[in-house]
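Each in structure tokens, the structures are laid out below.
Next come two complexes, and both contain chain A; in the first it sits with chain B, in the second with chain C.
This part shows the complex of A and B:
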């Protein structure tokens, strides 16, 4: 007995539909009741929102295809200008009507032409009696197109005087879409996020046939225990589940443990999953590299992630230049005297120690500094004498190319260029350690 | 015998229900012109008089119909046109041009559309020949040649009138109003707009040629009339095929309008928005649950529909966030409380989060910084936080200033309903910063 009852569609189709959309039964039944019969009018526009990977695109596509309702599906990231979008809709509409004509692209510049051509296309065939559904995925991109596209689509039923419903799918709530002077409000439908029980049910669906469902369900349990507090995205979890399953099965394959020996399986997989959170989850390494590491069963210590490549080997003076730049960015200019002069005299302690936590420069970000200040600090921290040759200046430029420094202000400003240092504290500490320079002593925030 | 009879009545019911759905869907979703008008008698008479004067007596005129969204401007105009078309003289002579500001986004397109709708000689099929200047001069010539006695009156209807004033130099509006002021082809221009300040947007030369005739539609009915409208919208028309069903249905509607829960639902709805379009959405939602097994609407249906209409969408989104993301939002809330709403960046939020972790050795939440950054970027993608000065490429991502688009009461309400919220997180949220 299917959960969905509809006078229009045969029971077998509805049962099949129900099996394809687990945990989304109530949303599908509201959709079906809103759609009504094939020839009935429905809302002119429907706005469906929900979290990432909450099944919006999948459910809509499945419903429309299984029930064989005439529909067009367009992704607004693919068709990012209004012209591409309108032409794509008209081309798909042409293909919808007769299977024989193969879509020659219909040129369409403006929304006015689109309405006219749409009216022409839908009058020529049997689409007249059925609701045509236009599905616009990633609808938040519509806000970036011309101002008349979004309100136009909301009212498409009125403009074309045909039985058409536009369905918008998005992650962002409707309030952030509404145009300034108002528009025809669509019917908003919410796709709730999957609860942990739902996630378990859906993920256990994908178990490989060699192992029992219970074994896989226990594995999913462990995986969710590690990742659920961080991420609830179904696609990410599926990816992680698929990648790490072979490692989980290793003890069973090697004969060290049976399928039910949960403790040993847990001990085997736990550190592996924690490492996965820092690498594959962050896309630091690719999934093929991850699988290779699992197969080698070697030391996962030297995983070279993407951010590891940022540690370049710099020449000696470049390191000092970078350290000087970091000090110039994160120390206020008035404190230079105290750090870098041999005899700096007395500085009132009270002014010095009154630091509000918020103005800690490490929270606000690097400040720009002029070139002269950089050179002044450089001369004071390098032991031997450094001449301001072209060598030094070209090293500064190469640091800018490596994006360890950025040029602030206009490119053509030849006298008095300003720079900013864009490396993190850990990076600069590593560099300072290689030249035996204690940078913490020189930082104002760590006084 | 009785079994066959019940089968007949049930199949008759299915056909009947289908018809009922069809009628109501056309009434609520498609705004078919045979609907009724409520509380607009004066405006109706005014507009009808105006159009009669143009079409029968050959006077040129212009008027603006102003009213908020959903107050019935287009519907009013369609009703008046329908009644006008019943007069033989008008039906044979009147030329209509319908323009919409959303479709014709500049004067070139608008001009082409006018020539297309008037079926002038430079139109072949759908294609309009000639440049903008040629078309404009041709149109103006054609309209200037006429006079009161001999020419067919032309009716220009400009929907979303406030969008036409943004065209370059307001050329189209100037020319149309100019013709309506001179003694040429009788022309009437009716503009429909939702902006109350429309007259300030018109240029001086355009404004002086406009007759300053404004018809206001202000949704000026009170709750008792609203109830009456609710009843009348739900009545089945007398021409419906199944008479017994019609009687039962209408009696059900009558009893619904006297039911206390239904009145409460409608009163809440009325207090939020008075216009009939939102009422239509509510009724449409309630009607979509009408099936053969549930042929009459109940108060529960209306209550359900009302709940669906008034869901708080941001609260729904916060409900689906992961625990790490909720912690970040609480950290941002604390920053907003301490620094009174000044924008923050990721580094500050991370710092605040670290303070929470270190306080009671919550090693469970000790995630690496890039993992926290990924959660922060997810919040950015969902537009729960927004950069203060637009996406700038030059600043590092951790230091870009953002603001939170949720306020404290929303956050606290969302935490109450958050499933399996860890108690320490909840306590952290409710802790005031009395230790500062």
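This part shows the complex of A and C:
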């Protein structure tokens, strides 16, 4: 007895569909009932949302393909302008309505043209009789296009007077889409995250042909035990499962353990998986490098991840410029006197500052500072005399292109530009150490 | 770093605004701000374009200018090709690794395996994170040779993208497709498809059309290779990857990168795409720019280029510490170049450009540089020197020193007979040549010693040692003294290793004079080996004294024995090892004293040494603000008009209006009253002009002066000295402080 009941489709198709979409039965059955019969008009628009890799795209695609409904799929990131998007839809529609390919692309600039051309394309009887489904994947991109695109798609059925349904797939909720001018509300459908049981079921579903399903399921169980706390992304988990499976099988291949000896297998794999979580999962080490390590059976220790190479070598004055920028970003301007004048007198921290300045500046983040202040601090922290040469100024620009400083405000502003220092305390301390500059002594937060 | 494009415009110092925003480009003289820089006509670019003529029209005498120019060009050509060779060698390792990576990256794409593993793994885009260091100006060259190498060995489809060309994903794709389709045209430009391709440029820029294009192109080229046996495409595989190089990863906006990666990951099955991220800072930037959802689409491998300091060390080693090129840099010039490198930009390219400037400047300004070529050639040239040139030789300070040290008859002969002078010059040049041949091996040998000392009293790098030896008598310096003291404390194993290295250096050097030195050193080595037995004895002695110490328990006796021990140590005869060590160090010292004499002491050093460090500094390390101040404060400095010559304190009314306004404004505080300023201005201007004041003319005059004043003020505002202030009416605010 299939889970899905629908008078329109044969039972075998429905059964097949059910096997294809594990753990998404309720969503699919509500979709089926919304779709109705082929020739029925459906909702003008359906909005499906759910977290990353909760099966939205896959489920829709499988349903539409298995039931052989006329449909077309467009990825909105790929079609980054409305023109590209509309033309892509029209081309796919051409391919749908006639078997032979039209080579020519239909120029379509506005939504108005689109509606007109859409009507022309769907004139054939075949498309008249059944609902055409337009699936817009990554629909959140639509919000960045012209204001009329999203409302237009929502009422496409009404505009074109054709049997068409637009399905939006998105990772964010409908409330964030709703234009303030109002629009036709779509039918919304939520795809909840897969639970750990679901993940287990889906991942074990595709086991490698050489090994039994149970063996693989046990492996998935261990894998989820390690990774479930940090990652629920199905794709990512599947990738990790594939990467580490050979290591898991090693004792079996070598004949040291049987397939049922789960304890030994677990002991063998657990630390390995944990290491994978710190490296491959974070993309510190690429998956191909990880595989190489596994093959060589070497320790991944000698291969440093990306973050291990945090050290940046800078020219001498650039280092001081960066230090000066850091000081200017994190010290209140009024304390400069205290740090850089010889006879500054004592300033007590508590009385000296306004209330809001008492919170740590490092918690508040860097503040913008003018160029003059940067140079003034630079001149006072460098031991020997620095001539204000062109090289010094261009070093500042270089630091901006290296993203170690950022220019606040517009690029064109030549008059009194302001900067922010974007490096972290650890980074600047490492830099300061190389030039024997005790930066902590100069930071107001650490007085 | 980024700045060099400016510095490379050879001394036409660009007056930068205070933030040194990106600029550059043509230097016309239409603007006031640009006028305050001297346009010294020694731009290398112009020099080469107007060929040798330029050398002859200089102010100094035109002796042999054509020959000098030719020598200069030839020398530079040699140096340049040597440089290119060095660059290639240095990059080879990195490029080989990258090519290997590219070969492997899409091997699955080639074989199209359908294993379970491959189906399960998400298909990531192979990405090479190429860390190149902060010297951004050098990157262009690296990327250029990289894409050449790739095009030669892997794939014709190499695209390089720059952040400033790609503000949006649309531009990025446009650029990408534009470059791809062009390179396709390059592959077979004879085909008639060309016109089709051009029309394709209008094709919409989307990844889908790109993958369609790729399919067409690979199908076609595959067909062609089988039918026509095209050699060019047979180097590549059936489906060569498309390599996209992001030259400056840091400057790309996150959105563009993310979108591009997401889009291309959807087509990775159709197009074998490989990304190369050019990173200047650290690979952490990838994680900063890309969220996990995007970076999980990439398969990132790290490649690191040689650090620029090592690169620099190699360049100095191959370019300066060799007798291969006759041209030499003096200590001060070298110091300027190295300082710019270490303090400002880390750019090896800039260093080489600076070196090039020195070459050109030397040949341009020193008439005797005609002798700055290989010895044989120089000897020939000496014979054909004109009288003027002989006079030039006589006026060289080093030559005068030489003359003074000679006996009086010879002095007269040297100063009067050109032929005798030429003969002597030949021998002197020979001496100079052999000085260089001896200098470098000894320098390297001394470096082997000093680089193994704790705290490096004479510097860790050979360039520091080189500078020290070039400039002054190194053995008179304090650092040398402490270095020698430390050398006298080296352990035996170290000393032997160092000596062996020194022998290697001397044997590999071409000079024949060193056969004695080598013999001596080898003798030292054998004596060290013979020492073995004696050292054992010494150990015995020390052990026995230790035993004695342990026996004494009484404090008084202990003190006594300790004192005795101390005494005996002081007076103790040196062990054989110590004697030998002294001998070795003394020998090295004698080498240093005889061969590492400063270059300035050498007669005729001016012929091959470029030593006007000031010119170089002016050109390469321009100080726009100081120049601006000089121009406005002392216009004579640049305009060279005699009437502008004035005393320091006073304001001349013949100066340009802007200079008068500038000088007046220097006397004001932070806020300047415009009315007062105008009055002061008109007083200065009319001081001479208004000798015969009549009332009707003054009104007229006033208007003109008013206009001139306003123009001067607005020019000052343009230059960034003042800005309008809202604090007080009719006031402007000063933006600079101090009277300079």
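One rule holds for everything that comes next: the second predicted complex is superposed on the first by the 304 of 447 C-alpha atoms of A that agree within 3 Å, B and C clash if a C-alpha of one lies under 4 Å from a C-alpha of the other, contacts with A are read in each partner's own complex, and residues count from 1 in each chain.
By our rule, contacts are C-beta pairs under 8 Å (C-beta built on N, C-alpha and C of every residue); 3 or more make two chains touch, one makes a residue touch a chain.
If you're wondering where the values come from, they're calculated on a predicted model, not measured in any experiment.
K.L.:
If you stack the two complexes on chain A, which partner ends up touching A:277: first (chain B), second (chain C), both, or neither?
P.N.:
First partner only, chain B.
K.L.:
Applying the document's definition of touch, where does A:173 land relative to chain B and chain C: first, second, both, or neither?
P.N.:
The first partner, chain B, only.
K.L.:
According to the stated criteria, A:124 is in contact with first (chain B), second (chain C), both, or neither; which is it?
P.N.:
neither
K.L.:
Look at A:314 in the shared chain and tell me whether it touches chain B only, chain C only, both, or neither; answer first, second, both or neither.
P.N.:
In the superposed model, A:314 contacts chain C only, not chain B.
K.L.:
Return first, second, both or neither, reflecting whether A:206 touches chain B, chain C, both chains, or no partner chain.
P.N.:
Only chain C is touched by A:206; chain B is not.
K.L.:
Quick check on the superposed pair: does A:52 touch chain B, chain C, both, or neither? Answer first, second, both or neither.
P.N.:
both
K.L.:
Kindly classify A:394 by the partners it touches after superposition: chain B alone (first), chain C alone (second), both, or neither?
P.N.:
Second partner only.
K.L.:
Share the list of chain A residues that count as touching for chain B in one structure and for chain C in the other.
P.N.:
The overlap between the chain B and chain C interfaces on chain A comprises residues 52, 282, 307.
K.L.:
List the residues on chain B that touch chain A in their complex, please.
P.N.:
Chain B reaches chain A through residues 14, 17-18, 21-22, 25-26, 29-31, 68-69, 100-105, 109, 113, 126, 162-163, 194-195, 277-278, 281, 284-285, 288-289, 291-293, 311, 313-314, 316-317, 319-324, 339, 345, 347-348, 351, 364-365, 367-368, 370-371, 374-375, 378, 381-383, 394-396, 398-399, 419-420.
K.L.:
Could you pull out which chain A residues touch chain B in their complex?
P.N.:
On the chain A side, the touching residues are 5, 7, 30, 33-34, 36-37, 39-44, 49-52, 54, 110-112, 115-116, 146, 148, 151-152, 155, 157-159, 171-176, 181-185, 187-188, 190, 192-193, 195-196, 228-232, 277-278, 281-282, 284, 307, 358, 362-366, 406, 408, 422.
K.L.:
Which part of chain C faces chain A closely enough to touch in the complex?
P.N.:
On the chain C side, the touching residues are 1-3, 6-7, 13-14, 16-22, 104-105, 116-117, 119-122, 124, 126-127, 129, 131, 133-134, 136, 169-170, 204, 206-208, 248, 250-251, 259, 262-263, 266, 280-288, 292-293, 295-296, 298-302, 304, 307-309, 340-346, 621-626, 720, 723.
K.L.:
Name, in rising order, each residue of chain A that touches chain C in their complex.
P.N.:
Listed in rising order, the residues of chain A that touch chain C are 52, 75, 77-81, 84, 87-88, 105, 206, 208-209, 233, 235-236, 238-239, 241-243, 245, 282-283, 286-289, 306-307, 309-318, 371, 387-398, 401-404, 411, 414-415, 417.
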